[in-house]
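Two complexes are shown next, each including chain A; its partner changes from chain B in the first to chain C in the second.
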Partner chain A sequence: MDEKKAVHSGTAVSSTAVPVHTDTTAKWFLLSAVVYFFIVGIVAIILAAKFIWPEMLGTVATLTYGRLRPLHVNGMLFGWLLAADMGLVYYLVPRLCGVKLWSEKLGVATAILWNFIILSAVVVLLGGWNQGLEYAELPLWLDVLVVVAWIMFGWNIFATVAKRKYVQMYVSVWYIMGTILWTAFVYLVGNFAVLFATGVNQANLNWMYVHNAVGLIFTPVGLALAYYFIPKSGNIPLYSHKLSMIGFWSLAFIYVWTGAHHMLHGPISQWLQTIAIFFSVMLLVPVWTVVYNFFATMKGQWELLQTRVELKFLMSGVVFYLLTCFQGPMHSLRSVNALVSKTDWIPGHAHMAVLGAFSFFAIAGTLYTVPRIFKTRLHSASMANWSFWFMMIGGLGFFVTLWLGGLWQGWQWNNPAIPFIDTVVALGPVWTVRFFSGVLIFLGIVLFLYDIVATAIGASGSEPIEDAA
Partner chain B sequence: MQDYTYPSIFLAYLLFAVFAGGALYFLIRSIKDGYWGKDSEEVKYRMLADEENKYGE
Partner chain C sequence: MLGNAEKNAILFVIAAVLLFLTGGLLTTLVPPLIDTSWGRPFENDDPAKGPTGKLRPYTEQELAGREIYNREGCWYCHTQQTRTLLADTKRSGWRGVDSPISTPDEFVYDAPHMFGTKRTGPDLSRVGGKYDSQWHLTHFRNPRDLVPGSIMPPFPWIADNPEEFEALVAYLQTLGRAKDWRPDQDYED
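Let's turn to the complex of A and B:
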């Protein structure tokens, strides 16, 4: 194969040098994200406790449920998960493109701005400065800063991709570029256009944003990470790149239509509800292409899960991704929706997506990446393993309990003879299990934080590992 | 008070159309760039060798 053809098709060209990556931006984003994961985890525990002891901290305005809940949601989504995703994107895009990051200075400036946004969000949300729209609680001036930070991030990544060494891009790069563009669309509609709409139209735009925040922001960037870290952690090639492209393009054309399924049986048009249901069920296509590809990649390699903790997180995340993406289309069916909508089933489903699937991908990526960018070894693989089992057992307890509780709640709500307050009291045992499951998840977060920080701190005091080559 | 509902929804539709058009363009570009041809699997082998892998083990 001649050099030109090799570069076009993506085969490594031996004559070109491997660029030296400084990864300063990735370090900033990943370390701050892990710290936010811990801090917002404390908020999550307080919220779970309030379900059992509603009076707890109830007299302190800043610590009431209404202030802490948006802080938990925004903190986990933007402080932990999106920041970790961005840090990992800064790590893998230059490597996949065979060049250095376009600008580390711009990357660090983005990280500083992002941290300013997150810390400001903590202050304004605890202070009760809230737009009252789900996932879009931040005030307008912070929304503007998010857009500025996203443009800085997008510019840096696209400029890196533009100067890549290879014409043909790995599927993760496609998903990352999709994430950057789709986030622009989803965030602008969900945080700006929605402010000028009223009534049902506003609710419809808001649900389009909420659903696509997961589907067109966290899903594509999460899959970008999984497509990168599963082959890299196991040192095994992906089963089929062509199949991964089918998954990418089917996601691109299907996902955006599904948001209205949050308003089934509501005051929106029946045709709009039916379109949302149709495309929700169609989502099984991209989901299955992704899941089949990962399982086929692991075929004959499953013993790697015994030694590679990143793969444990990744493949568990894939299973949770399959489950959550099977639940989603099923929820959109009118008959199922009439039972589970607005019940505790939904937070069970949402936590499986954001924690079980996408946070597991980000945790795996962080465990893989941090030792490499600090040029050292992971502080403790055993601690990472314990972290996995705490999160796995706690997560399963959390998800399954809320599904069962949600079904029970839905059945009670569909019986008009049962007073509403009785349905609240009945869920007490469910919320107790939820709290203790949350404690287990939090213990996993604490171990993960310690492991990552100890790796980073330990690296500064030790000599870099000698080149084995 | 002026109602901006329709302009805001038209803005959302406009953004949607722009992005759907962009997606269609890049889907066709991907065919031209060989992502669906016989060399489309090469990239998955190249990504395994994109960095020195001596750290983290």
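Let's turn to the complex of A and C:
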């Protein structure tokens, strides 16, 4: 199969002219992303604690819930996950194309700009300078800088693809190019076009962006990582080229239609709700083809999970992806939506997507990549393994508790005889379990941070791991 | 064509953008053109057609209050939509009268919109006129003094700033008032 050639041509090509990758850009992006993962993790713990102790830090305006929450969301999405994804893209596109990155200088400049954006975002959000739109909280001048950074990123990647040595582009490269193109449109709508609209019209643009920030940024770049790192970590060929094509092109067409499902039963036209529901259910097509492809790739090789921690993260990420993308279409159905919408089920669902699936992919990629770009070995595989189990158990505790709690909450809301405050008090135990699950996840992040930083700093005399293309 | 797209980057870009833009444009540009009620402020003086009333633009003070509502992230925990669910119309109701559902024409002057995705506290789409300023002052100082078991944070920096407090309350009192849907049992101050 073709992709076998693309992913595994490394050893064959290395005897001829293998480019020497400096990977400075990837190093910058990955290390800063891992640090933000940790810092924003602290914010996450504070937020979870405020559900149990609402007075905590309650008299300090900058540390109130309403200011920390956008910092948590933006920090995790753009400071950790997208930065890590970009770092990994800077690593794998040159290798999949068999050439050096078009410009490391431009790449490093992008990384510096990105860090400037994230640090400014911290100040702006804590100061309450909030644009008032979910995922688009940052003020206009920062949005402009994000667009500049994205153009710098896209230019570098497309220029690298343009001078590639392998004519056939591997599926990861499709997803990366798709991410760059679609994100441009989605981001412009969500952060600029939206400012010219009001009311329901604005909400429609806002949800199109919110939904597609996950669906057309984190999903395709996350799948690009999975398509690369699953075969790489296991040294096994991808199962089917045809399935990867169906998965990609159906995603390209279907995903963008579904934004209005955020307003089911709400003040938005019923026919638009119905369209969003139809396409939300259709999403099972790209999801199931992709997931089947990954499972079939692992068929007969599952014992590799015992020894390779990257594969543990990757394949649990695939399972979480399957689950979260089954939930999505299901709570787009009007009947299910009436029960779970606006409840704590929703953060349970969102965290499974962003943490369970896409962060797990990025963590696996970082564990695989950092030792290779620093030309060393991972500081401690056992520490990575512990970090996996902390995040896995903490994550499951978090997701499952919020689903059950959310169902219960929705059921209570639908009985108007129960006063609202009773439905808040009833959820106390759920939020307590969520807090302790969050602490476990955070411990996993601490171990991951330590492992990665020690690998980078240590880059000691240990014999470097082989870095095939 | 899609088979060749993986060898030809330009073909790939064209296909990926076109497929995506079909839905991208149809779901963003077209809906407000088809459903014009999205942009027409609510106005009805015929009781046979449902609740009467008229949506008016916000005053300067109400807009200032809206800014504070936005700045403190109230909208992360309080939705502003009475959905087409029986329980929502009961919970948004007042003294035995069910609330009408929220319609697009009630939100024409809202930018940014405050519909919300998460309901940690109660929905506020019809809260206007239900509680007076004294109630709000006590509640912002410490929500648990009035609602035991509440997990809303205290907002002393608003309660202690008369200008901000009055603006915020002025905004809250507008919520859901375009539709005249209940007996005169409101608190304005």
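Basically, the second predicted complex is superposed on the first by the 443 of 469 C-alpha atoms of A that agree within 3 Å, B and C clash if a C-alpha of one lies under 4 Å from a C-alpha of the other, contacts with A are read in each partner's own complex, and residues count from 1 in each chain.
Heads up, the rule we're going with is that contacts are C-beta pairs under 8 Å (C-beta built on N, C-alpha and C of every residue); 3 or more make two chains touch, one makes a residue touch a chain.
The structure presented is a predicted model; accordingly, all values stated were derived computationally and were not measured.
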**Q.** chain A as common anchor, with chain B and chain C clashing or fitting
**A.** clash
Q: Would you check which partner chain A:R95 touches, where first means chain B only, second means chain C only, and both and neither mean what they say?
A: first
(Q) Per the contact definition in the header, classify A:L378: touching chain B only (first), chain C only (second), both, or neither. (A) first
Q: Considering only the touch criterion stated at the top, classify A:P139 as touching first (chain B), second (chain C), both, or neither.
A: neither
(Q) In the overlaid three-chain picture, which partner chain does A:L181 touch, first (chain B) or second (chain C), both, or neither? (A) both
Q) Does chain A have more residues touched by chain B or by chain C? A) C
Q: Would you check which partner chain A:G458 touches, where first means chain B only, second means chain C only, and both and neither mean what they say?
A: neither
Q. Counting only touches as set out at the top, which of chain B and chain C does A:E55 meet: first, second, both, neither?
A. second
Q) Of the partners chain B and chain C, which touch A:A162 in the superposed model: first, second, both, neither? A) second
Q.
Applying the document's definition of touch, where does A:P237 land relative to chain B and chain C: first, second, both, or neither?
A. first
Q | chain B and chain C contact sites that coincide on chain A, given as residue numbers | A | 167-169, 181-182, 185, 189, 193, 195, 197-199, 201-202, 205, 208, 245, 249, 252-253, 256
Q: Under the touch definition given earlier, write down the residues of chain A that touch chain C in their complex.
A: 50-51, 54-55, 58-59, 61, 64-67, 69-70, 128-134, 158, 161-162, 167-169, 174, 177-178, 181-182, 185-186, 189, 193, 195, 197-206, 208, 210, 216, 245, 249, 252-257, 259-260, 262-263, 265-269, 272, 275-276, 279, 338, 342-343, 346-347, 413-416, 420-422, 424-425
(Q) Under the stated contact criterion, what part of chain C meets chain A in this complex? (A) 2-3, 6-7, 9, 12-13, 15-17, 19-24, 26-28, 31-32, 34-35, 38-39, 70-77, 79, 81, 83-88, 90-91, 101-104, 106-122, 143-144, 147-157
(Q) Show me the residue ranges of chain B that touch chain A in the complex, using the header's touch definition. (A) 3-5, 7-9, 11-12, 15-16, 19-20, 22-23, 27, 30, 33-36, 39-57
Q: Over in the complex, which chain A residues touch chain B? Could you list them?
A: 8-12, 18, 21, 95-96, 98, 166-170, 172, 181-182, 185, 188-189, 193-199, 201-202, 205, 208, 228, 231-232, 235, 237-238, 240-242, 245, 249, 252-253, 256, 368, 371-372, 375-378, 465, 467-469
